[in-house]
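Structures follow.
Okay, so chain A shows up in both of these, paired with chain B first and chain C after.
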Partner chain A sequence: MARYFARRILSSLLLLVSVSILSFVLLEFAPGDFYETLRLNPRVSEATVNALRSQHGVNSSLPVRYFRWVHSVSKGEWGYSLAYDSPAAPILWTRAKNTLLLTGTAMILAWIIAIPFGTWGAARRGKAPDWFVRGTTSILLAIPDLVLALLLVLCAVRSGYFPAGGMVSFDFSEMSLWAKFRDLFRHLFLPCLCLAASSFPVLLSHTRTAVLEVLESPFITAARGYGIPVRRLLFRHALPAAANPLISLFGVSIGVLLSSSVLIEVIFGWPGLGQLLLEAILQRDFFLVIDSAMLATAFLVSGNLIADVLLYACDPRVRAN
Partner chain B sequence: MLGESGHYGGRLVISERTEPKTLNPLTALDGTSRDIIGLISADLIHINRSSLGTEAALAKSWEMSPDGRRYTLRLRRGVRFSDGHPFDADDVVFTFEAYLDERLHSPQRELLIISGKPLRVQKLDAYTVRFELPQPYAAAERLFDSIAILPCRLLKPLYKEGKLADAWGLNTPPEQIAGLGPFRVKEYVSGQRIVLESNPYYWKIDQHGNRLPYLREIVCLLISNPDAETMRFEAGETDVISRLSAAGYSTLEKYENARGFRLYDIGPGLEYDFLFFNVNDLVSRPLGSITYKQTWFRQLAFRRAISMAIDREAIVRLVYQGRARAMWSHVTPGNKLWVNQEIPTGLHDATGARGILRNAGFFWRSDGRLIDPARKPVEFSILHNAGNVQQMQMATMIQADLKEIGIEAHAVPLEFRSMLDRIFKTYEYEAAIMALADGDADPNVEMNVWVSDGGTHVWDLTPKRKLEPWQEEVDRLMNEQLVTLDYPSRKRLYDRVQRLIWENLPVICLVGPDILVGAKKRIGNFHPAILRNHTLWNSEQLFLRQIQ
Partner chain C sequence: MGPELPSKAGQAPSLLKVQNLTKRYVQGGWFSRHQFEVTALENVSFALRRGTTLALVGESGSGKTTLGRCLARLVNPNSGEIWFEGRNLLALSSGALLKARRQIQLVFQESAAAMNPRLSAVEIVSEPLLIQERLRRKERRERALAMFERVGLSPLWADRSPLEFSGGQRQRLAVARALILDPTLLILDEALSGLDLSIQMHMANLLLALQSSLSLTYLFISHDLRLAAYVATEIAVMQRGKIVESGSVVDVFSNPKHSHTRLLIDTIPGSGGERV
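Moving on to the complex of A and B:
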């Protein structure tokens, strides 16, 4: 067991190093640099632009820049943001926390809804509840995230029930604890709903399929024969047996926590990593882009690792192998 | 400009599309940072965004020596920084020393270098400073605008340690930042907002002797998506919106009365869109197909025909919904001080364009395609910024207009920095649409654009072997206006530059978009201007008629 996880951790580290090298190489091919737009300012000379490039090492060779970044990672700075003129780490952590709040809540919401509805749909296969579940899934899958997000923002603007964007009100710091909670909830509701609605159909379909497969197995027929009530049968016997694919999917859900909300964050003005990443890409603020890619990879690797641990804990067959 | 007497208090909520990146005036590169810095700092002589003229700021008066090389500025007494410490000549001397320091690479340093030499500043007494210029400089007074005066007491120790460039980042505690502007930093929340509070030591007063500013706070929210920015203004979450698109303006117009805001179309700003051809010297580069097409691009008749074939009025109508002006010269009608009213405006004339091309030896194939004298079909690509919807629409319309005269033009959208890379570095493009704008109406800021060896001479950045007579004349005129001190003579020189540009079309000017903004009706003294910061340039005078 310990050897297996040590091997997994080692391969994850190697993956992270490979991703960092690949990110540097790929970004090397991106045309333009951070200081390119300064050339459009007629008041700024080419000499000043070049001096700024040299000062911040933009002109240095790829290996030099890579090792500088590695050195800065070792100091906990994670490179240097040219746009913010400061180490990248504090900028990233603040934004990553906001993203995790949004995506984490949306993920929990989506799973909480998907599991009972998926199980319910599977138990009533071919009947009205199943049609309802499948219909909802199809509709949500057909609506692009962008359209759904814009519709929700429009609803917020017209109705005035929810704020049209942002994370908290600007007088948040002056609010009582309860008012703060309410304010955060009101801001979180729509982007969270939008994110949950985009991942919910996938989770629901997987749950339904997995449970359906188990419901057709002989031990469930036997259990039915023993007169076990339907609810107990579904949630105590069928669902745990159908857990394996869902655990793997849960791992993926964790893995994409940092990278799944770029579009939603931009539309709802959520101050997360998505907005920062988009701006960094457009501005060629390379260290922020590389750090974001590294964080997303780290989450993906951790998600897979968590899924493996859960599978190990839940499935005796995995333990036996 | 004296405004209406206002009430104290209230919070104004504004939005910016990007986050400010720093609060250090020396190193700020982006517009948002400069907007925020503009609210927390002050300069010696200020350009009034409404009249476009200069006005006294921290310098209460100034004198120019008869030879135009020496400026003596008398500073206001009793002025204090936002942390309560007094301001005097030492702060001015330190500020200019810092801006001119080569090691800091301040983007504003160039402004203070005249004919390759830096201006010199000298303290005469605690409230008098003298600036010496290497040569007479026409726009000398305007140099002082936006050079934020820094507190010597706070920043000199950092300067000595070589840490000045890193000072005043976004995470610097607000009490360590001091300025002379109407507001000071209260709070910054990453990715969300920056809150400014009124500076209790601000030096300006209203006509009744009351200390300005009136507003208690300005909250600047980060809303990166333009549609979201429009919707949140409509929802009442923000009080002011700047840089509205024509489409956004039309959307908001419907709710103008119901939602208690007012929209302003203040006419064309200083920005203009233009089309230009790549006429860089590409002999040493393997760009054969472009080199061949340059034989067309270098012909005045060809450029004239293209200019004539483009229907600018249609661009104004369809792309900007009527909220822009068609342009035939590079100075927009918004720049009332410098626009040459004598420049004739043309009309879309495909027949005329065909005539010019025919006279230049071009002819048409039976299928209507234009063929050059060497029997090659005329075809080129037009690069434009993929992130700019208006430029994308313009490129498509130009494509259709050129088709009318048998030219196959291909619109090529490219991500902005990739496009700039091609224009400024690799020269791998045939034609491009771009927009240029700057923070001042004075012709001096355009030196780098029109002088043949200027860094923003975008259509031809390579070293020139031989200049055409009109180019030589433009160089001479631009350099002459730089040292001509009286306005009428300068205007005559710059009028001639405008005429030469119009006649020789190194760039084909297309349209000058209007400045469109919106604000809640209850905001007093709101007078949007064509210079940036369009809406908050008189922030100290703004007030809310109904306090929240």
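Moving on to the complex of A and C:
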């Protein structure tokens, strides 16, 4: 078993290396560089731009730049952001933390609502709770994220209580701890709601389907035959047996934590990695783009690994194989 | 109390009396115009005397499983009555139903599917005790292990997964689980189908021994007439949701009245029927 996980980790590392190389090659084909826009400024001379280019190694060949980047990753700097004129790592970490705050909260919110409701819908199949669950799923699935986000922004502007964008107010640093918390909460609420609402229907319908499938299995019928109460039936027998597809889905939710919020971040002005990535692409801020892609891939791969470990820990049948 | 159950002189009174039981399933899509009804049971009536075995035979889809599950109150019939020890099972409060459940236990054909693979063998056998008697863990285990021996399973297997058991052993485990609550009526739904012939015979003998030592009443559901004749004293033949013929095993086999019964008897391998 240890061998299996060692192999999985090794192949994940290989994947990351391939993604980094691929990103470098792909960006090589993208037209322009960071200094393109600088040249539009009549006060900056051609010579100055060229001097800047060679100073930052933009002109070097692809392999040279790649190995410089690898070297800088090993130093923990993760390349250099030309736009911010600073090593990329500190910028990335701040942004990634902000994104994780948003997406992590939204994910936890969506899961802790989806599991009981999906289970409830499955347990009362064809009855009112089930119709409620299925109705909510279809409605939320039918509303595009963009429309939902814009609606919520509208609400924010109209209500006046929720800020229309950003993560904290300008006077955040002077606030007391409790005020800081409230301020952050007010900023977090709408984007988080929007993000949770976009993943919620998927989680809800998966939970419902998974539990429903288990409830129809003969061992549940057998347990009903000796009079097992519904609560024990659901939580001791049905949910653990339904866990496998849900664990895989959980792995996916972790995997997209860094990449699922680009749209929401842009609309709500959330200073996260998605927004940074968009800026970096538009400005051709090379290393930030590569690093963002690497981080997103790393999360995707880790999500998968975490799901595998959980499956192994939870299912006696997986362990038996 | 229910109607006085008819009992002929010299015969044990009925333990179970079923009257005009009807069950219709709705099959098909979500919308009413795609749906259609399947009548799985149509006005089924029969009585089962204490300590006897009634074999319920019939081709696949004739409604045997549905009948067994109605009796175990796992399926709700559309109409009819089920009188068990003088009480109408269909009119019990949920508390009384929970008590009644321990009287009627079911053994399923697919024993592997009918057991939670996450539980160990001893947990499977002892869980009914947890629900019905709230015994402590140690006592539950002791009672379960005693039942292991009763059905001929080694207690050394107690902590294994049921998935490690062979088909025959797992069926013993299923019987142990069904008997742990000390039931009166055991419904065996194709419990021996899918086992090798020799194991079938072992199991049939085990069932007969358990019946006399624990004074059990059996409803033995099977599509195998030979096995039914070996185990049962009475037989009821089902076809398309109805009981088309019933009586003592000897009478029905020696003088089948319904054409479907004759067809079933003729198709028993070795009966000579295939030559026709």
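Criterion: the second predicted complex is superposed on the first by the 321 of 321 C-alpha atoms of A that agree within 3 Å, B and C clash if a C-alpha of one lies under 4 Å from a C-alpha of the other, contacts with A are read in each partner's own complex, and residues count from 1 in each chain.
Heads up, the rule we're going with is that contacts are C-beta pairs under 8 Å (C-beta built on N, C-alpha and C of every residue); 3 or more make two chains touch, one makes a residue touch a chain.
Predicted, not measured: the structure shown is a model, and the values here were computed from it.
Q: With both structures lined up on chain A, is it a clash or a fit for chain B and chain C?
A: With chain A as the common anchor, chain B and chain C both fit in the superposed model.
Q: After lining up the shared chain so the two structures overlap, which partner does A:H237 touch, if you call chain B first and chain C second: first, second, both or neither?
A: After superposition on chain A, A:H237 lies in contact with chain C alone.
Q: Is A:L276 contacted by the first partner chain B, the second partner chain C, both or neither?
A: After superposition on chain A, A:L276 lies in contact with chain B alone.
Q: If you stack the two complexes on chain A, which partner ends up touching A:D33: first (chain B), second (chain C), both, or neither?
A: A:D33: touches chain B, not chain C.
Q: In the superposed arrangement, does A:A222 touch chain B (first), chain C (second), both or neither?
A: second
Q: Just chain B (first), just chain C (second), both, or neither: which does A:G76 touch?
A: Neither partner.
Q: Report, please, how wide the angle is at the C-alpha centre of chain A between chain B and chain C, in steps of 10 degrees.
A: An angle of 160 degrees, rounded.
Q: Taking the superposed arrangement, what is the smallest distance in Å from a C-alpha atom of chain B to one of chain C?
A: Chain B and chain C, overlaid via chain A, are at closest 44 Å apart by C-alpha.
Q: Once the complexes are superposed, what residues of chain A are shared between the chain B interface and the chain C interface?
A: The overlap between the chain B and chain C interfaces on chain A is empty, containing no residue.
Q: Okay, in this complex, where on chain A does chain B touch?
A: Where chain A meets chain B, its residues are 30-33, 36-46, 48, 51-52, 55, 83-86, 90-91, 94-95, 98, 150, 153-154, 156-157, 160, 163-168, 170, 173, 266-269, 271-272, 275-276, 278-279, 282-284.
Q: Would you mind writing out the residues of chain C in touch with chain A in their complex?
A: 69, 72, 74, 97-98, 101-102, 105-106, 108, 110, 113-118, 127-128, 131-132, 161, 163, 177, 181
Q: Can you name the residues of chain B that touch chain A in the complex?
A: It comes out as residues 11, 13, 18-19, 21-22, 24, 27, 29-30, 102, 105, 107-111, 165-166, 169-171, 187, 189-193, 195, 219, 221-225, 227-228, 231-232, 234-235, 237, 387, 415-418, 420-422, 424, 426, 434, 436, 438, 445-449, 454-456.
Q: What does chain A use to touch chain C in their complex?
A: Residue list for chain A touching chain C: 217-219, 221-229, 232, 237, 240-241, 315-317, 320.
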